[in-house]
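Next, two complexes with subunit A in common: one pairs it with subunit B, the other with subunit C.
Now for the complex of A and B:
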């Protein structure tokens, strides 16, 4: 190969590869220079800011509320609907906080709020908290909400997830469970049957540890699945 | 002829007789021979292309061209590393940390580049919106892959902080589509379905 050809190859490789690599690092930081809620009319904005204040007083994170409002703006919902959606998030977060206790992380609160919105009760959430074993509830709650949304009967989903949680199932277990059930449902298996079959494949990870006496725990625990 | 034979030495005569004796061939011998030939691997011939590739030759490269070649190879390597599919993800691909923060989430660790993928052959443009970009459709437009056999595959890498994120795809600016490969988020309150991704990190 001549030197000229090699040069052509070198320049072509660099010209092709470098822009793609640079393009892979898209910035996600939103433009915060403009208040995103300024797109709301005055009345809607006032109602939402009241909910923000209520959340702060209750010790709840406000960003899920703001995110819900922005989601509504992007989805071109009218002001009344946006306020209703934000209010629902606020109520769900408040109930989730009540059920999970003050030690719950923001992710757990968000996941629990989602579970409440698909019909899980605060008693069921509290039962999960009581049998917690120093692991985050985020994964099981996200999977629980998804399963119910996909058609698994509420009671079947709740009991199965609770049993797996008690048996010490890991985040990977819940992730694998979700993937398997989703695949089975797509293949035509009854959602409830799919869940029960897949849950049987998960081995017990040991007896659950006793819950902490106070029910409180650190704000954020270490990653259980490094 | 017979007289000549008789006049020969007995030993020679025996040899001649042995040579003249008709040979009896086993009827299956031909078949066995052909079978043995078939089983014998054919000799491999080096192709002309291989000969051309293996032929030693001299080449020269300027320092600038060498650096450009090295940069290109490193870029391809990085791209390949980012594109490796890994287990241990709930929905989208999670690449190594890239160190970009999200003002919405607690500073609980290093961000990870998450690859969002949607197959939408009919779409003219696709983007991902979620709590990580203020649901802004212009923040993270997705690119269509140009390789043969992968038309209609839209993807984008987005750095996300560890934690729970809700998101959706926006197709052609108006259609909100949940990620078929991720858990479904509960009702969004606006009549659409969204998806959930959990980014693992030091705090989750």
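Now for the complex of A and C:
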């Protein structure tokens, strides 16, 4: 093979390889061509579809339920456990809707459902809603759920987050609080003590205020991956 | 002559027990464990009266991702007086994992006691390269052992290699250990009732060489039909260790290869078992027994042994309480940043691993590999709409975990999931 032929082969190979390399750098788009629930057995799938229907009737988003089912499939959970997990999401969303009211965004609903699943009550959610002043509840609820998951006593976590919320803490404040508490817990501090100590460091900012109009979050679409 | 013959026996297994196998499982947390065993022990070898004694065996083991230190010593009460029995102290140090490989060095000092006339001390050191994944590993090592007051004229060169894997609650290990050393043999040495033949006649000793106490032996041998014999033998050993909250079981078996001057028939195969059944959180009933091969460099014959007793265990650092290196802490950093419209750039710094994957609601929970961007840098662009998303990460095909640096929730499937809030 001559040097010219070799060069041609090399060029051809690089042209073939280029889209592959570029593709590897590209973003990941989920393939929704195949029905992902087809991997479930018939009875499990039937139970889950019933829950989807119930969610639609109740005016709840169905993608969190579908997402939980897919998560269970990938994590190789058995059918009964997947149905139980999806049912828990459905119940939590329904309770979250009744606690937050019809004006809640899908993000708030999802975050509130997470909080309910770790033991927060609908009364506590309603208390947060009363003092929301049009401000998004999503991040405080995500932090609240995480703190309880990490071992902060439920009442301590709920009370502290509520007080900070009333004092006008921002999303950045909650994020800073979470990072500090996480660091302290890893260092060996008792989770409840860590939260109380870190909460004292957050200055009072007055009652929560509504974010500027440009920062308002749009209602989330039904499908997270349009 | 009997003394000489005993000292001219070949090969050793204790080095393998001390330096391979037990260390192989990567330590995920710092742990200090202290144990005190009390009970009856008995052992016997050919040509001796079985020794039965009450044994008191304290021991400790401290393990962290960077080092392991352990010590254990037996006090035997036999003929109405206390006697120091088997004892060992070991220190191992590890480098951080780099591409799944870590270097290890180990140093041991040990004493073996069969009875008043058969006992021995040894120092040894070994270096290893260990390729580890979460559930399996393979290592290669080389080292040297220095037996004291026995018939090995030279140090013992030790080469070892092995594999380990975890299957459920059980850890399986297989190792091959090769020993090479020079010893003194005799033309009239009887091996399995047939005479062995020296290939190289022993010269009279010219200087002070060999371990302490050997010069007299060499001088004695020089006037007889003695030779320096180069011994090689190889041990193939398998271990199964099963741990349950109610008990621990260790099964060990092996096969020795080598010529008949080095390996007696009673040391060709061996097997033993040790069991502990936890009665409370800190007290366990322990029992064990089996056959140990001869340890030629140490002048110790094969023996059978059995023991039964109680063990008191205490963990001053509670197990699993001090997080040092878990899959999550392998992730030095994990960040999500906006990268254009509806795209997020996920970056992680994770050293010494082969693959990093993520999945979440934004990938329909399909695993997607991150792309390596450097020695420990990993990156991926993913479409993610503003709002709340759930995400998991896994390293080298291990468990799905919540990435560090983001809040997490129980996932309903015995695990956790990270929660990302993507701002518009």
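To be clear about the criterion, the second predicted complex is superposed on the first by the 180 of 226 C-alpha atoms of A that agree within 3 Å, B and C clash if a C-alpha of one lies under 4 Å from a C-alpha of the other, contacts with A are read in each partner's own complex, and residues count from 1 in each chain.
Operating definition for what follows: a residue touches a chain if its C-beta (ideal position, glycine included) is under 8 Å from a C-beta of that chain, and two chains touch if they have at least 3 such contacts.
Predicted model only: the values in this text are computed from it and were never measured.
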| item | value |
| --- | --- |
| Which of subunit B and subunit C A:153 touches, first, second, both or neither | neither |
| First (subunit B), second (subunit C), both or neither touched by A:172 | first |
| Per-residue touch tally on subunit A - higher for subunit B or for subunit C | B |
| Partner chain(s) touched by A:107 [first = subunit B, second = subunit C, both, neither] | both |
| Subunit A positions touched by subunit B in one structure and by subunit C in the second | 24-32, 36, 63, 67-68, 70-75, 77, 81, 84-85, 88-89, 106-107, 110-111, 114, 117-118, 138-139, 142-143, 145-146, 149-150, 171, 178, 220-221, 225 |
| Complex contacts: residues of subunit A adjacent to subunit B | 1-3, 6-7, 9-18, 20-21, 23-32, 36, 63-64, 66-68, 70-75, 77, 81, 84-85, 88-89, 105-107, 110-111, 114-115, 117-118, 136, 138-139, 142-143, 145-146, 149-150, 171-172, 175, 178, 220-223, 225 |
| In the complex, subunit B residues that touch subunit A | 57, 59-62, 65-66, 68-69, 71-76, 78-79, 82, 88-90, 98, 100-106, 108, 111, 113, 129, 131-137, 139-140, 143, 156-160, 163-164, 166, 170, 176, 183-192, 194, 196, 198, 200-204 |
| Complex interface listing, subunit A residues touching subunit C | 24-32, 36, 63, 67-68, 70-75, 77, 81, 84-85, 88-89, 106-107, 110-111, 114, 117-118, 138-139, 142-143, 145-146, 149-150, 171, 178-179, 186, 188, 215, 217-218, 220-221, 224-226 |
| Touch list for subunit C against partner subunit A, complex | 322-323, 343, 359, 361-368, 371, 380-383, 385-390, 400, 405, 407-413, 415-417, 419, 421, 424 |
